[in-house]
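My questions all concern the structure below.
Lettered A, B, C and D in written order, each chain numbered from 1.
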């Protein structure tokens, strides 16, 4: 890992010194042993604050939608393969111009989830060596994705009856406190004013009761259908430990099955819900 | 004064017995990689391995509470008062930083206007606190705000796990002494003052590296505008996890939610980290950017609240440090303020 | 211990409704409960939480004078969810009111002094409460000057009362609209409030100014008042922060360690100047 | 609340299937109109909400319907190729595809959520669809799982 850190610093330093970017968003040492913290490096001499290790869980592309990065003309961003998928989505949706961002990709053997667990995204990872970048740090790694990692938990829920599934979600969503950390952490939740914050009319009730929680969590997942790149930022941020990724992965599965589409792969392809085919599945419509 | 001890294994039984006397039981249990205080959990599932992720706040100030119901009838409206159905409750093995949050927020709920919802719950809640032999989490900093891992603040009964097996029990209030018999049934011995002192010292020693934050208020009062705010808060994504997990954060929203002509007015958690929190109808927002909102949180805890109520609005539980998704540490920010104050900056 | 529910509003009936401007409405409200109606008192400067059940609560001042018992008046612009719903209510409808909250203008301290009222646009209602309070106790005050401006003639509220004040010999009323906001038959001034105030030049000595308006107006009016000889302690204003509870609990209205809902909304310019820049 | 439930038809004793149909202005609405003017009979359990096009349909419409006590929701518009706005229904079909799968995954019984294409001339198909949908819902009973959530607040 330390050679990746060195290489990241080297590239960031060069970009900053050359004036190729105004700043580099990366990870720095955290305030706790098992954490790193997002950092904005504006000067070449500060590049040594950048680090890379198994605690670099944050998807830094989420800073592209926030001040001050949003207002910058050229910005460097340190990103793992999974994070870059979000960037692909943002470019695809014209949220971020490709030429604005210089991608400092880093090969990644996997990060550490809560309690030292291996995140599903790492088990399913097909981008240990990123494919879309400007510079690459770290030796190339071969991806060995577990083909069932993403669907194993979904299938357990599929096996239940509708009523049992609703009971499952009712229990999980009762924990929701409507802090919207999921939305705030998500790089692809890009609305300047979220549907949950609109009150004329108020489609989504804001109080954390079952009715509002169901509506919010459902619409959050729906708005990410065909867009979510499964970076797990939402689930990691959730203070109530709701398994949000189950919803996101269920959506991704549907989109793959119905439209043969995977999010975050190709910035040139139109997103699945912004296009259609004349011969799309019609079997469920009377 | 010596106090009784019991076996650590008896704690679940005590919890069960306290519940058996007709109390709603809240205790920490494991859910996935973390602990949570949960209502109605099996006493046998009691897990004391670390600090739960949620605070005990939700059992006194629920995340969503109905304050009245209404029903529109033509151009008239019936408005009904709501009194929460609160029965006796025991929060069993609340950590001292959680127990200590209650005396901190009590004056807020009672200055001039008394909030009956909080007060009804408070009166009905027995706090059996479980002291920390050693700080359970890397993020802990209770000693920095004048508390300690064996603080008695806000507790009716304090359990002190002297070692792996023996737990000393201190009865601190009348409410605590009223349930003494429940504990006595499992008494196996006594602990003397020396043992309890040693226990307290061990806890305090585990946090010896934490700073005293006695100069923070002075610094904050003179550094409303300071580059520190923007420097430190770059990572903040405004998720509000810090405020919602905090045992002392108490801000709320009031919303009406109806089905047809009837509905409820609900009081729900809100937080200073959200841009809508202070947004005026005109579109003007006094705290329009995240660094201002983060500053407000620090100011409220370490300057505003102490000015108003004489207490720091923080018990050093460290949840906002440990669970911040972007590792923005409140302790780091206030410790920096302390350092600068010490250096006269 | 039985505690009352501090979040429960009184029911009030809309007795009169007036469309003040294209987007501003005023109500005269009467408490439905006889006992509350008789017991209810307030002071100029107090505010309340007005509710439309099913939509929520909105915060604004009581615009009537406490010298007139038995009812309250309010005036608001329909902008958000609640105020739009309020504006849709008609005479006879029942809405909710919690209050009075906050502090008030210390009117007794103003006895024997001249009063200068400066208001802009929708900020007349809080000033109006003090104006009527003063006019109802007219002999306790020296000169009374009112400078009221708005962007355009259409934006002036309480037009019928402006006529009434104009007609009084004991009030010097100056109305003004921003350049371009005048109509053909407009008889008042054309110009911005600070300039108009400067021309009117009420004396600052033994005088109190009550100033309410948009931040930009306040910003340029304060130096004019200073020039006229008003001390910072003699200039009073109200802060209009976002509020939910009005009870010092919900946590959003503070400016520094000042809880506007309890220690405000009425402050002197000197007090405001001491607050951190968190408006 | 008790009374509100009765008035809104959510009272179990007097329960009748409560179906909300979001139908497009150009085809299905006209089709339903045709059924009416042709004096065809169908169950009165459906509440029709006209939308300009199925492309305007937002999943939150359906959620709101369930929040207000609907036992079943129908979305219906022009047949593929017949959209007044050329492609609204093709876009809608994609949305339906993912949204119904999400609802299913979250435990909404798919027999309570129907989609159809009914043209302006298909009054008979409208009658048939509503009749069958009503009968299906009648067999399934009230949507109690969702209603349990509604009662809170």
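Everything that follows uses one rule, which is that a residue touches a chain if its C-beta (ideal position, glycine included) is under 8 Å from a C-beta of that chain, and two chains touch if they have at least 3 such contacts.
This one's a predicted model, so the numbers in the text were calculated from it and none came from an experiment.
In terms of C-beta pairs in contact, the better-connected of the chain pairs A-C and B-C is B-C.
One simple way to say how far apart two chains are is to compare their mean CA positions; for chain C and chain D this gives 50 Å.
Chain B and chain C have centres, each the mean of its CA atoms, that are 40 Å apart. Distance from the chain A centre to the chain B centre is 31 Å, each centre being the mean of its Cα atoms.
Looking at chain B, residues 64, 253, 255, 257, 261, 263, 266 sit in touch with two or more other chains. Across the assembly, chain D contributes residues 67, 150, 153 that each touch 2 or more other chains. Those residues of chain C in touch with two or more other chains are numbered 80. Interchain contacts (touch definition given at top) occur between A-B, A-C, A-D, B-C, B-D. Those residues of chain C that touch chain A in the complex are listed here as 80-81, 84. Contact residues of chain C toward chain B in the complex are 1, 3-9, 11, 51, 53-57, 77, 79-80, 83, 90, 92-96, 215, 240-242, 244-245, 247-252, 254-257, 259, 262, 276-279. Of all the residues in chain D, the ones that touch chain A in their complex are 58-60, 63-64, 67, 80, 87, 90-91, 93-110, 114-117, 129, 145-146, 148-150, 152-153. Residues of chain D that touch chain B in their complex: 1, 3-4, 7-8, 67-69, 150, 153.
Across the complex, chain A meets chain C through its residues 199-200, 202.
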